[in-house]
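Pasting the structures here.
In what follows, chain A forms one complex with chain B and a second complex with chain C.
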Partner chain A sequence: MSPQLVSQLSVGGSTLVLLAGLMMLWRRGVNAHIGAFTAQSVALAATTAMVGWFTGDWQLWAVAVLLLLVKAVGIPILLKRMARRFGTERELEPYVNTATSLLLGGLLVLLAYVVTGPLVSVSQLPTRTGMPLAMGLVFVSLLVIISRKKALTQVLGFLMLENGIALLAVLGTHGIPIIVEIGVFLDVALGFMVMQVFVYQIHETFESIDVEQLNRLRE
Partner chain B sequence: MSVWLLAPLQASVALLLAPGLIGAIRWMKARLQNRRGSPVWQPYLELRKLFAKEVVVSSNASWLFHAAPFIVFGSTVTVTLLVPLLAVPLPFAGAGDLLVVVYLLLLGTFFLALAGLDPGSPFGGMGASREMTVAALAEPTMALAIFALAWGAGSTDLGQIASRILTIPSEALAPGHVLAFAAIFLVTLAETGRLPVDNPGTHLELTMIHEAMVLEYSGRYLALIEWAASLKLLVFFTLLANLFVPWGVAAALTPGALLWSVLTLALKLLALGGAVAVVETHIAKLRLFRVPELLSASFILALLAVTASFLLR
Partner chain C sequence: MSAPFLTLLLPPLLAAAGALVLPPRWRGSWALHAALALVSLLAALRLASLVLDGWTPTWGPTDLFRVDALSALLAACVAFVAALAALLGPRLGGEQHYTPPQVRRFRVFAALFAFTMLVAVTANNVGVMWIAIEATTIASAVIVPLTVSKASVEASWKYILIGSVGIALAFVGTVLAYFDFVTLVGQRDYALNWTVLLANAPVLHQPVIELAFVFLLIGYGTKAGIAPMHTWLPDAHSEAPAALSAMMSGVLLAVALYAIVRWRAVVAAAVGPAFPSRLLVGLGLLSLGIAALSLVIQRQYKRLLAYSSIEHTGLMCVGLALGPLGVFATMLHLINHTLAKSMMFFLSGRILDRYGTPEIGRVSGLLRVMPLTAGLFATGMITLLGLPPFGMFLSKFTLLRAGFAGGQGWLMAAVLGFLAVAFVSLLGHLHRMLYGAAPAGVRQGESDCWAVLPLAVCVVALVVLGLIVPAPVTALLDRIVEIAGR
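On to the complex of A and B.
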C-alpha cells in the first residue's frame, strides 16, 4: 500500500469512528446508541487492521481481533441486557438540546484540529492525518458524558472516550506493545463492570437511572 | 458541433427529462408499497392539462403573484445551463460557478415564498415561513459541502471539479468527497421537499410546506411552478451524479459521446430516484420541530467533509 492511500484510509476510518460518536449526540433511543457504539468499535477494529497491514505488525492484528471480540460483540451484549432490564425508556431531555449539542460537537472537532496541529506537524507517519479526528472523538465523548442525564448514556460516553484514545494511539504511534494493550482492555472491562454495578444500584435506589436524582438526599 | 449548441441542447434535455424523473420516482415508490401506480409519463399529461386550463387569480394578488412563476421557471432553466449535465468543459463556465448555481436556485425559492405571502391566504403564509426556515438551515450545509469540493479541485468551477475526478479516479472515494455527497443528499431531500422534511404526495393541511405555498396557483402558472420544481430536483440529482460520479460525461463534443452521456445521465438519475423512493418508503415524515436536528446533522457531515479534505492537503 502506498503511504498516500494509507493516509486517505486513516482519515476515512477515523471519520467513520467520529461519525458514530456524533450519532450519540443526534439520536435519542438507547438501541440507536448501542448500535452506534458497535459500529464505532467495528470501524476502529478495521482501522487498526489497516494500520497493521501497512506496517506488517502481527500485534496490531491481534489488537484488532481483540477489539472486535470485546467491544463489538461482548460489551454490546451486556449493554443490551442492561437496557432490557431498565426498559427501553427514551433518552430524557438532555442538558443541552440536540441541535446545539451537534453544533458544539462540530466546534469541538475544530478545536481538536487546532490542538493537535503541533503533533501532526512533528509526526512523520502517513497515518498522522487521522489524529485530529481521534482527538475530536475524545472531546465529543466528554461532551456526551457531561451533557446527558442517563447513567447508561454516560457509560457509553466513557466507552467511546476509550475508543478515541485507542484510535489516537494506533494512528499516532502505530500501536503500543500488546501487553499494555491487553492491560488497557482489562481496565476497560473492569471499569465497565464497576459502572454496571453502580448503575444497577442507582436503579435500585431511585427506580430510575436519571442521575439528576442523585442531587437529592435520601435516607 | 459548436460549443454554443451545447447550452440549448442541455436545457432542452433537462426540460424533457424532468417530469419523467418525478413520474419514475412516483412509480417506483408505488411499486415498493405494493400499489400499481400511475404510469411514468403521467406528469407530462398533467402538465399538458394544466397548460390548457384557465388561470384563476385572487383579487387581492399583486403583480408579484403573476411574475413569480416566470422568475422561478426562468432561474431554474438558467441553472441547467451552468451545471455539467452532458459535457465538460461548460460553454458558460465563465458566467457562473457553483455559488451562482446555488444562489439562483435560492432566488427561485425566495420568489416562491413571496408569492405564497402575496394573496394573503393563511396557508400561503404558513408554507412560506416554513420554506424559509428550511432554506435558511439548508444553505450553510450546502455552502460548506461546496467548499469541501472546491478545496480539492482548487476551483469553484463545476466543470473543473467534474473533470478532476475524471482524471484522478481515486479522488471519488476520498473521505471529504463521500461526506460531502452525504451532506448534499440530505440537503437535496430538504430543498426539493422530499420525505423526511416535506411530503410531496399529500395535501394534508397542517404538514405541507411546498404545497401550501403554491395553493393559490392554477392553470399555466401552476404548470410552470410544477415544472420548475421537477427541474430543481433534476438539477440537484445532476449535481450529485455528475460531480461525485462523473463517468459518462462527454469530454469531446461528438454526437456519439453526447448520446452516451444522455444515456448514462438517465441511468444515474434513475438510480438516485430509486434511492429516494426506498428512503421515502422506509421513513415517516419528521415533526417540523425535529427538522433542524436533521439539518444540523447534515451540517456536521459537511463540516467533517471540509476538515477531511483539509487534512489530506
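On to the complex of A and C.
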C-alpha cells in the first residue's frame, strides 16, 4: 500500500467512526444509537486492521479481532438486551436540542483540528491525517455524556469515548504496547459490566433510567 | 527481586479469593482476611527499608514494576489503610448488621480495591498504572451501594460515570505522550516506562507534552477530587460504607495525586516546572476555595469530611508547585492526611450506627454518648484543623514556609484565608456534635471498645509526626524530593 492510499484510508475510516458518533446527536431511538455504536466499532476494527496491514504488525490484527468480538458483537448483544427492557423509554428532550447539539458537535470537531494541529505537524506517519477526527470523536462523546438524560445513552457515550481514544492511539502511534492494550480492553469490558448492573439498579430503584431524577444528593 | 513484590501484591488477591469461598460469619475468615492484609503491610514496609538502603527494586519483563521512594511511601499508606479496613470493616464493631452476602461482597471488592491501588503505585509502566487506576473505580464502585437506597444508587452512578470518563481523559494524555515518544524514537515495548519517559523528556515536543499534561491533570484530577471535577466525591464518600470511605478518602485520592506527581516530573523535565505549576496552583486554589465555602454550609458530617478531603487535595496541589521544600511538605502532608482522614471516616461509621442519622444537627452530646469515639473524633478534627501537637501542623507550616520563601506571598495569603474559613467552620461543626444533651432514644455508653483500638495507632503516629519527624521518614521524603522535586 502506498502512503498516500493509507493516508486517504485513514481519513475515510476516521470519518466513518466520527459520523457514527455524530448520529448520537440527531437520532433519538435507543436502537438507532446501538446500531451507530456497532457500526462505529466495525469501522474502528477495519481501520485498525488496515494499519496492521500497512505496518505488517500482527499485534494490530489481534487487536482488530478483539475489537470486533468485544465491541461489535459482545457489548451490542448486552446493549440490545437492555434496550428490550427499557426500549419503551425514549430519549427525552435533551438539555440541548438537536439543532444546537449538531452545531456544537461541528464546533467541537473544529476545536479538535485546532488542538491536534501540533500533533499532526510533528508526526511523519501517513496515518496522522485521521487524528483530528479521532480527537473530534472524543469531544463529541463528552457532549453526548453531558447533554443526554438517559443512563443508557450516557453509557453509549462512554463507549464511544473509548473508541475515539483507541482510534487516536492506532493512528498516532500504530498501536500501544500489547500488554497495555489487553489491560485497557479488560477495563472497558469490566467497567461496562458494572455500569450495566448499575443501570438495572437505577431502573429498579427509580422505576426509570432518566438520570434527571438523580438529584437527591444536594447540600 | 520478586519476593517483596509477591508478598505485597499476592495477599490481597488471596484475601479476595478467600472471602469469596469462606463463610462470612465465621471468625476464621475475618482473621485470615486481616492477617493477609498485615502481610501486605509488612511487605510494603520491607520495600521502604530496601529503598532506604539504596536499592530500587524492579520486577517483571522490561521492568514492569519498580519501587523507588515515592512508590514505597504510597504503597505503605495504601497497605496501612487496607489493613485497618480489613481489621475493622465493614462492621466496625457498631450495631449495624450487614447480611452475610453483603459482608462477603465488601471483603472481596475491598481486597481487590487494595490490590489495584498497590499495582498503581508500584507499576513503572504508566500504561499499567492507568489500567490499575481505572480498575480502582470499578472495584470500589461495586461496593458503594452495599445497602441499596435511592441515595446510594445515585452516588454510585455519578461515581462510576464521572470517574470512568475522567480517567479515560487521562488515557488520552498517556496516548499523546506515547505518541510524542514514538514520533521521536520509534515503537518500543518499554516506551511507556516512567523511567524511560523521564530520561527522554528533554527532547519531547513542547506543545504536545503540554497538551498531554492538560488531559492527564483533568483525568487523574477527577479521581483526586480536584475542583471543578470533584462533584462525584462528596456523594460517593458520604453514601459508601465507612470502611470504604476511609479507603477512598485516605488513599485513593493520594494514589490519583501520585499519578499527577509522576507526570509532573516528566513534564517539568521536558518544558520546565513553570507550566505544570501554573495549572496546579490554579486548580489547587479553586479546590481550596470551593471546599472552604462548602464546609460552611454542610449539614452532614460525612459530607463535611469529604469536602475537607477536597480542601487538602487542593492544598497539596499548591504545595507541588512550590519547589523542593513544597514537594517535601506535600508528601509529609499526604502521610498526615491518610492517617487522620481514614480514622475520621471509620469513626463516622460508628457515629452513624449509634445515632442513625447523617445530619450534624441531630448529633449532639457525643462526648457523653460515646466518650472514646468522641475523643478520637475530636483529635482527628483538631489534626485536620492543623493545630499542634499533631503532624498536620508541621506539614502545613512547612508548606506555607516554602511558599513565602519562594516569594509567593500573595498566593500564600489566599491559601491562609481559605484555611481560616475551613478552620472556623470545622470547629463550629465539631463543637455542635460534641456537646449538649444526647437526643432521646440514643443509647449511652461505648460498646465494643476493642474495635476502635487499632485507630489509636493513627493518633500515636500523628503525634509522633507532629513532635519530630522520624529519621527514616525524613530520609524517604528527601529521596522523593530528589525524584519529583524539581
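Criterion: the second predicted complex is superposed on the first by the 213 of 219 C-alpha atoms of A that agree within 3 Å, B and C clash if a C-alpha of one lies under 4 Å from a C-alpha of the other, contacts with A are read in each partner's own complex, and residues count from 1 in each chain.
We take it that a residue touches a chain if its C-beta (ideal position, glycine included) is under 8 Å from a C-beta of that chain, and two chains touch if they have at least 3 such contacts.
Not measured: the values here are computed from a predicted model.
Colleague: Do chain B and chain C fit side by side on chain A after the overlay, or clash?
Modeller: fit
Colleague: Under the stated touch criterion, which partner chain does A:T129 make contact with: chain B (first), chain C (second), both, or neither?
Modeller: first
Colleague: Between the C-alpha centres of chain B and chain C, what angle is subtended at chain A's, in steps of 10°?
Modeller: After superposition on chain A, the angle is 150 degrees.
Colleague: Taking the superposition as given, does A:S7 touch the first partner, chain B, the second, chain C, both, or neither?
Modeller: first
Colleague: Who contacts more of chain A, chain B or chain C?
Modeller: The partner making contact with more of chain A's residues is C.
Colleague: First (chain B), second (chain C), both or neither: which does A:V115 touch?
Modeller: second
Colleague: Is A:T98 contacted by the first partner chain B, the second partner chain C, both or neither?
Modeller: Touch partner of A:T98: chain B, not chain C.
Colleague: Can you work out, in whole Å, how close the C-alpha atoms of chain B and chain C get once everything is superposed?
Modeller: 19
Colleague: For chain A, what residues appear in both contact lists, the one with chain B and the one with chain C?
Modeller: Comparing the two interfaces on chain A, one with chain B and one with chain C, no residues are shared.
Colleague: Could you please specify the touching residues of chain B with respect to chain A in the complex?
Modeller: Those residues of chain B that touch chain A are 170, 173-175, 178-179, 292-293, 296-297, 299-301, 303-304, 307-308, 311-312.
Colleague: Along chain C, where are the residues that touch chain A in the complex?
Modeller: 64, 125, 127-128, 130-131, 134-135, 137-138, 141-142, 145, 148-151, 153-158, 160-161, 164-165, 168, 171-172, 175-176, 178-180, 182-183, 187, 189, 191-192, 205, 207-208, 211, 234-235, 238-239, 294, 297-299, 303
Colleague: For the complex, give me every residue of chain A touching chain B.
Modeller: Of all residues in chain A, those touching chain B are 5, 7-8, 11-12, 15, 18-19, 22, 26, 98-99, 102-103, 105-106, 109-110, 113, 129-130, 132-133.
Colleague: If you look only at chain A, which of its residues touch chain C in the complex?
Modeller: Interface residues on chain A, with respect to chain C: 115, 118-119, 122-125, 138, 142, 145, 151, 154, 158, 161-162, 165, 168-169, 172-177, 179-180, 183-184, 186-187, 190-191, 194-195, 197-198, 201-202, 205-206, 211, 214-217, 219.
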